[in-house]
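The data blocks that follow each hold one structure.
Look at the two complexes coming up: chain A is in both, with chain B in one and chain C in the other.
After this line comes the complex of A and B, so read on.
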């Protein structure tokens, strides 16, 4: 059953299995074991980023496509439902329409970008996607009547998803079952389903062709595969899933703006999560996103506690001062890339083979 | 001689500023194994790659069956039933032996009888069915590359130096496999430096020099004429036996 759900692509390492099970359990039970607002925010962000990073892994890890336009598609999803919900009557039909329009726009854009630029060498494709993504970010900022400009769009969601809504009168296992609870499980469930779908795609015959193209596109062509078509389909699939991740993130935040979706810093974060987790593994997205998002949110507090514990020791409290958290986040990444050159998943699997 | 399956007429190929093929005229008879011989740098590999569209011919025609394929792209040419075994073996190291073979079977899952036939030639393919191809030995990689080319019946198989760098025992094994493959009426165009292998397998032969075909005829005639070998290839048969 589990093997079938995972498309027979099992973790192939005990430690990795334990890590994935722990992350799955923590996310599945997050409203019960982390009842506060902030921990639930972090859990929802992990769910969204697992999906976003997995969709990027389809491009980078499985097809060898380096794209910088992934946050553009993430943003299209967020703006799609934000514009629909802020301009139409708030309801599920507005969400459906906004999502459908965003997916359609992403499909058209990714198809055009793919078809016109996947013929060129990887570095030129990367440059083209960077230019398109920058253009889109400027467009979103300039068209402030539609997008809210730099301020973004704050919007209302259907009643079932509003924080004030109560699905059950009494708390269930001590947890209030309301709008946030429902929204969280909508984000979690959709992310899980789409992640499993991506896992199926990469383990299908189509996924094997993508791996062959990544390894050597000339050899794949010599077997009769039109690599441009396969790359374009992968590009479109990755874009659609990134768009859906954007929809989920906007629904969770009830807000969409350049800083939460289109920012180039988010693109760098996605790249780091893929590399740290392990490219071309899908499970790397889960590990990378979980570690990265948790570190982004809690490293500062951990350092504060550590710094206070070291009070009285010369230099060290200053070195671990919470203001220096970005420095230590950087150090952690350098160390992880140095010690896990194939990502955490790649390294754990290689350890098992030995 | 059998009718022609593939005919190259006045084919020129440029790679960058270099003029590699300088008017190649070559006939590959249907159902035969044609050996393409020549010194290093004569243009043999470029000829195979031009036939498959990996290098685009700058002039001339390449007629396969009844159509000119000179300006068609590689996937379209491959889908006509032409398979290629490159000198570098061209396997996908990250995929398993099974996945490599399944990828090459374009008409659907590989036929069980065909697989058994291939396993008879190359038993390691069955033994290492689920092993990543990158972990195979050099000889086994060559076997996989050839297995991939014949996983389905093909009209033409282009093979580039299959014995290069392999141990004599494995070369003999490959020669036996090709001899049996010939019985299936598969047309083969093979580049080979090992004259012993070339002589024992080839039906017809073409010799290249400086981007042109300088001799074409029956392999048996070339094998019997030491003076011709020395003139065309700079070798004597005895020296390579």
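After this line comes the complex of A and C, so read on.
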């Protein structure tokens, strides 16, 4: 049963299985295990980023194309639902309409960009997507009538999802079952479903063709597969899932703005997560996103203590300044690309094979 | 000698003249044209190294913006060192501050380029996917290191006294610093043309862009040539960064990354690997951005992307496609 849920693509390593199970359990039971607002925020962010990074892995790890426009689709999802909920009557139909419009826009854009630039080299696609994404980010901050500019949009969600709402009068196992509880499980459940769907896609015959294109696109073409079409479909699929991740994230934050969705820094974060976790493995997205988001929220405190312990030594306290946590993840990223091309997941699997 | 394709320059001229007709007022037109040329030449200085490196070795350096940022930061520090000369009210004294600043910026960026080529890029030749990832990773690390050395805050980079403000020729206002940018940019372009067309090294570089195996078969070490081009390209990016920093009068770590988008558009428009194309593309982008910004501010943001799409629809390989064997 589990095997078919995971599309017969098992973790293939005991430690990896244990890690995945631990992450899954922690996320599934987050409201019960970690009471408080901040840990739940972290858990929800992990769910969304697992999905976002997994959809990016479909492009980078499985199809071998580098896109810098993934945050653009993430942002389209966030803005789609934010605009719908702030303009229309707050309700589920607004959510549905906003999501549908965002998905449609993402599909059209990813199709156009893909058709326009996927014929040529990977580098060309990377450059074009970078240009398009930065243009979109500027557009979103300039069209302040629609997008709220730099301030973004704060919006109301349907009553069921509001923090003040109570589903059960009495706390259940010591946890208040309210709007946040419902929203968290909405985010968690949708992310899980879509992640399993992605796992299904990469293990389908379609996924095999993508792998073939990644390994040798010339040969795949010679075997009769229209590589442009496969690449474009993968690109559109990744874009749609990223859009849905954007919708979930906006629902959780009840806010959408340039800094939470379109910022180039988030694109860098996604790259770090997918490479450190492991490209072309899907599970790498889970490991990478979990490590990264937890590091983002808790590593800084550890570094602060370390930096203060080094006080008096020249330069070192600056290197370990809490704001420099990205430096160390960047170093890890570079080392990963050189020495562990399949990231943490690849290392764990290689360890089992011996 | 190859015949020169005159259509892109003619197109540029047509745009400049067409803009005169649409803008109407000659004085505004001169101001805009000078601004566009200055911007275009600055972009050309920064982009030329990147496109040559790509043409020669098929390496796309996504961390090129880093050299721009380093150039700007080093220039800011140097100008602070020469505060006396920079603050003086004489043009020559001011020049004595900005020339060392530009040289220091170019030298620092060049050295960094050498280290970057050795450590980051050398292991991943021929692997595009890894190149994109590794250079992006190098950029993340280096941006953080800039924070470590210069601090996370915005760094002011004041222009020397005599370079502020503008000349008035009749009723035409021309910002002084833009003239400096035009002069430096044209000097760089002329030097590059001379080097590429009149020297043995230039001949080898041009030959390497077209067919590097053949150059190697003739017994030349293309690797060394490439390192030289990479360092020179980085130094030019540093020089461009210094000028751009002075133009904006402040430096942040994102100065390079924000230019990268324009640089990519320029080298795609020009044709990847082509210096002449890079020059034409940079001028095209600079001029069109300024004209459109004046004529139709609403679509100014999209003008670069629109320009790129139009050029690629017309010539899918860029203005001057590089023929590869």
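Observations on the structure shown:
Note that in this section the second predicted complex is superposed on the first by the 315 of 354 C-alpha atoms of A that agree within 3 Å, B and C clash if a C-alpha of one lies under 4 Å from a C-alpha of the other, contacts with A are read in each partner's own complex, and residues count from 1 in each chain.
Operating definition for what follows: contacts are C-beta pairs under 8 Å (C-beta built on N, C-alpha and C of every residue); 3 or more make two chains touch, one makes a residue touch a chain.
Only a predicted model underlies this, so the values are computations on that prediction, with no experimental measurement involved.
When the two complexes are overlaid on their common chain A, residue A:211 makes contact with chain B while staying clear of chain C.
By the touch criterion defined above, A:271 reaches chain C but does not reach chain B.
Touch criterion met: A:318 reaches chain C, while chain B stays clear of it. Contacts of A:130 after superposition: chain C is touched, whereas chain B is not reached. Between chain B and chain C, more residues of chain A are touched by C.
By the touch criterion stated above, A:41 is placed in contact with neither chain B nor chain C. Of the two partner chains, chain B is the only one that A:224 touches; chain C does not reach it. The contact surfaces that chain B and chain C form on chain A in the two complexes do not overlap at any residue. The residues of chain B lying in touch with chain A in their complex are 52, 54, 73-75, 78-79, 84, 86, 90, 92-95, 99, 102-104, 106, 148.
By the touch criterion stated above, chain A contacts chain B in their complex at residues 205, 208-209, 211-212, 214-216, 218-227. On the side of chain C, the complex with chain A involves touching residues 54, 60, 62, 120, 123-124, 128-134, 136-138, 140-141, 144-145, 147-148, 152, 257, 260-261, 264-265, 268, 272, 301-302, 304-305, 308-309, 312.
Those residues of chain A lying in contact with chain C across their complex are 60, 64, 66, 116, 121-124, 126-128, 130-132, 134-135, 138-139, 142, 264, 268, 271-272, 275, 315, 318-319, 321, 323-324, 326-327, 329-331, 333-334, 337-338, 341.
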